[in-house]
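To start, I am sharing the structure in question, which I have written as structure tokens.
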Amino acid sequence: MDAQWINLIITVVKIVVVVFIFMLPLVMLMTLMERRISAFLQDRLGPNRVGPMGILQPIADGLKAFFKEDIFPVNVDRFLYLMAPAIILFPALITVAIVPFGDQMSTYIGGHLVNLRFQIADLNIGILYFVSFASLGVYGLVVGGYASNNKYSMLGGLRSSAQMISYEIPMGLAIVAVVMRAQSLSLNDIVLSQATTWNFLYEPIGFIIFVVASFAETNRLPFDLPEAEQELVGGYHTEYSSMKFSAFFIAEYSNMIVSSMLITTLFLGGWQVPFGIMEALNLPVIWEQLIQILAFLIKTGIFLFIYLWVRWTLPRFRYDQLMNLGWKSMLPLGLFNILLVAVQMKF
Amino acid sequence: MEHFIWLIPLLPLGGAVINGIFGRLLKEKSGWIANLTMFVSFILSLRAFGLVRQGVTFDGNLFEWIVAGKFHAPFGVRVDQLSIIMMLIVTGVGFLIHLYSIGYMHGDPGAGRFFAYLNLFIFAMLMLVMGNNLLLLYLGWEGVGLCSYLLIGFWHEKESASKAGLKAFITNRVGDFGFAIGIFIIFSHLGTIAYSQIFAQTDVLVKAGVVTAASLLLFVGAVGKSAQFPLYVWLPDAMEGPTPVSALIHAATMVTAGVYMVARFNPLFSLSPTTMAVIVSVGTFTAIFAATMALVNKDIKRVLAYSTISQLGYMFIGVGVGAYAAGIFHLMTHAFFKALLFLGAGSVMHAMSNETNIEKMGGLYSKIKITAITFMAAWLAISGIPPFSGFFSKDEILAKAFAYHPIVWVFGTLGALLTSFYMSRLVFVTFFGKSRVEPKVEKHIHESPYVMTIPLMVLAVLAVIGGFVGVPELLGGNNGFEHFLAPVFEGAEANLHFAHVSLGLEYGLMGISVLMALGGIWLAYLMYIRETISADALANRFHRTYTLLYNKYYVDEIYFAFIINPILAFSRWLWNFVDSTVIDGIANLLGKIFILFSYIYRRVQTGYVQSYAAFLVVGVLAILAYYLLQAF
Amino acid sequence: MLQNILFFVFAILAVAGAVMVISFRNPVYCALSLVLTLFSLAGEYVLLLAHFIAIVHIAVYAGAIVVLFLFVIMLLNIRREERAPGSIKYMVYLGVPLGLVLLYELVSIGFREFTDVYVKATDIGTVEKIGQALFSKYVLPFEITSILLLVAMLGAIYLSKQKLEIVSK
Amino acid sequence: MHGIPISYFLILSAILFSLGVIGVIIRRNVIIVFMSIELMLNAVNLTFVAFSNHLNNIEGQIFVFLVMVVAAAEVAVGLGLIVAMFRLRETVHLDDIRLLKW
């Protein structure tokens, strides 16, 4: 076996690990956490009957979704109606490819020295890949809204397309500031550049902009206009049921997870462990790697918690407020942030 | 000198630009901007004057303006004794009039526009007097004409005002036409437009035999601009403009441009005795002719307008007989007292709610004392009573005229008599005697504000003492004015020959002219104060003469009958027949031909974008096919 | 070999998408077919080692332009294109032959002039190279594009802001 | 071992371009005509990138970048026009708007 094939196999293994062993269970956990935390915030108990502390609740939900009747409403556009849940999953799962979970290490596999990276692909274009594919999430919503042949769904789809296009811009501006500091588009380089001080200390404005924009991109409260229940019934997924409905949910949680990971990577130093603890401990390489991955996951987890916390705390924006915030506040702020970072770097 | 000289014309231009752009916002505040630019300009002119007095003159190019092949017109200025006098008059009198205008235009909605025009006028006039070549002279010449048009028609909502503006403009065009041809003749023979080169090569013009033609044509321009017979008709009508405009343009500065031009071209004019004779004749005739019309006119401003024409005639007599310095001297004193007269008239109108008919005035002396006293100072000056300024300058001209030919002197002195008579009539009827003011108006009679009376007072002082700069040797002076100007007129001296006049005769002549002036005043006193001679009876007695004078010799009517109406009729024929039948017919025929063709071709234009796209693709295919076949 | 296979996969998808764009009656399907074509083209760009162009292509075309198309289609609620009345329907018989002739001519040029040249390994498509070129030699065109975008933005805002009255057909 | 022949890309580009041309000519819906134009632009972009690789010259890719900017601007204005037209005439069909003025 030559090195090329080994690399291919390693990549496939990484994809399987990340998507099926990491992402999907985490999504399931998130559905449970959402309900438990909302209950906690509302002073209730939440689901706690299935398994210890309700830990098996997501599996029960999944089974239920599988066995429900798959309804095709009469006047839907059948092909697109079927495609939408598939389309929406695609960008959420493809963007995880560039997230660095940890540093790299060299090891022997099958007699070859292999440089093992805890990242599916370290692309030359790096963060641009995220920007491009994240914006494709809108297709799922728009197509779903259109195919349902329902005016509420349609409005939800329209709103989402406008919202996502609007918030991509401040998000991109925040990313530009980070890239300026790291002097590289590669996410790995961005993480390495934060070895001493994390970016959110240098660029608090950019950090806030990115967090707010990623809330908007994932259609979470306070920006969940496309699925605003009070106005649009269920928004773009009003007409969906059973497993197709679940697909929308999986996509939403996947998006949240990817966004949290990116916030961590871009602004919280990624897998960097703070306060020089790693140097102090002086552990073997393999432990060092594991601790770094753990640090990354903890940071991501904090942000996932913040997502839930915000959702059950803040009320929803009105549509015009949403647009005003995006274009009139975040966009100028993003530009100002770039200026600020440029000045910082110059002096 | 060149490091500040360019500021003098530039400042008024800047003021004009600012007021022109922001006039609507600034409203009356624009007056202060205009005044500021004028004041600084005047101070700079004074500084230049100081330098010129030390013998420093300047003649050089500030920058290249137009270059086309061999022709190049630099933007050059010439500051010598002659132009500095003119600059001082323009900026000094101009500044006083600007100041006066603040009061006069108070409350007028178009004040910003007014001051923009006024500043623009000063700029043009300064270009006229400061330029060192014919093109700049012409620029200024046309510029002042334009400003004159704009300002006469300033109250354009009044039909008579806009018509008067047109009349002024068109009449001036006639003169300017001749002027332009004169310039062309000079340029085509000498290939240059710079004064210094022209004056150095006058012999070329003499050899070519065009010196008389060129100078006469230039004089035609002067006739138009300085309102001499037969192109004077626009000036009385120009009184439709605001009074400061009349004072500034139609008395003190613009109309003297012709005199300045003749004086400036003295090396050229003095070469042609014919032209000089024509100038003297026109000047003499105009002096008498205009004065007679002033005798009977009842409009305070028109009387002054005719008086201006008449006085301009005197100046032309001066420059025509070769007494250039005397002509410029009179120009200067005239600027003082005529500006004063007009401003005084404006002040009277201000007091009288814009009444201009002197028959509805009378007895105003006690009510508007400052105006009346300053007005009377000017009256004495223009009448030629010693030692007021007009006496010295007019007498200087008359003395030189006698030396040229006694008959000129005779007419000039007669004119002086008429002048003092009609001016006295004006003063007596306006300020003395019984009040004939309408009761409604009478209540509101009031003296003008200080911003208006201060210029009056300054000008009155100048009108009184202005003559002392040129007291002739005869009266124990040293005639400093003439000596100051002498370097400019050196070139002409060689061509001029004055007959010697004995000392006794000169005293005699002077005495006669003073007697004439006093006689005119006395006559007016008898007629309008004592009323021992009834003016009405006189008018009835010489009924036909009176009517002729009152109707201004029917000159306007003659012009209408013989020039304007035939031209109008011809234009109508061109319009009705040539344009609407022949030319339109040809154009319509062409159109019909195209319609015919397009009727066939428009079938291609289906309106479907796709079909156009298909045609486009066919074209692309053809080009590609050509390329492919070429390669095989 | 792998690259050749990938090329043909992408090429077939691109052509299929393009054919669908011009043949579907429902504009939403057309737009989604266009996305298919655009993605395949991005793949081709990657095969040509133009990574930056590929990713920008996705961001601009798939991420923004087609979304705008979809947005407008939904806003105007255009369902299906009806059969054409009048002379326009003969356009099919004009357009298809014209296109085929054009194809023939273009292909014959491609075959004749560029035989025996192959894609080669190069690094000119990287972000660094393009960035350096854009901000040094081509900085003026780059800045001018910003003005173009500004003008386009103003134009679009003006067009959509103005009040229009509906005139009967 | 050879890579992919450049002419493959050129032929693919030619096919896409021709399809774009056909689309412009045969379709009535102005939005789809617009999409066909995008198709043509993309076909041209493909040739640019192919030649950029062939000539080892970055200018082709710069040009593609500029074409994208122009396409974005064009779509923004063009769709604005279509929306304005729709509001005025309630149609997106090209054969309904074949008069210069109305």
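Per-chain residue numbering starts at 1, and chain names A, B, C and D are given in the order in which the chains are listed.
Quick note on the criterion: contacts are C-beta pairs under 8 Å (C-beta built on N, C-alpha and C of every residue); 3 or more make two chains touch, one makes a residue touch a chain.
From a predicted model like this one, the values you see are computed outputs, not experimental measurements.
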item	value
Chain pair showing more contacts of the two, C-D and A-C	C-D
Greatest separation from chain B - chain, by CA centre	A
Inter-centroid spacing, chain D versus chain C (mean Cα positions, whole Å)	5
Geometric centre distance via CA averages, chain C-chain A, whole Å	29
For chain A paired with chain B, centre-to-centre distance based on mean C-alpha positions, whole Å	85
Computed distance of Cα centres, chain D from chain A, in Å	33
Per-residue overlap in chain D, given as positions that touch at least 2 other chains	21, 24-27, 94-95
Contacts with two or more other chains, residues of chain A listed in rising order	none
Junction residues of chain C - those touching two or more other chains	52, 56, 64, 68, 75, 88, 91, 94-95, 98-99, 102, 106, 109
Pairs of chains found to touch, sorted by chain label	A-C, B-C, B-D, C-D
In the complex with chain D, residue positions of chain B that touch it	606-610, 613-614, 617
Complex interface listing, chain B residues touching chain C	606, 608, 610-611, 614, 617-618, 620-621, 624-625, 627-628, 631
Contacting residues of chain D [partner chain B, same complex]	21, 24-27, 33, 94-95, 98-100
Chain A residues touching chain C - in the complex, by the definition given at the top	77, 80, 83, 123-125, 128-129, 131-133, 135-136, 138-139, 142-143, 145-146, 154, 157-158, 161-162, 165, 168, 185
Residues of chain C defined as touching chain D within the complex	3-4, 7, 11, 14-15, 18-19, 21-22, 27, 30-31, 34, 37-38, 41, 44-45, 47-50, 52-53, 56-57, 60-61, 64-65, 68-69, 72-73, 75-76, 78, 81, 84-86, 88, 91-92, 94-96, 98-100, 102-103, 106-107, 109-111, 114-120, 122, 124-125, 129-130, 133-134, 138, 141, 145, 148-149, 151-153, 155-160, 162, 164-167, 169
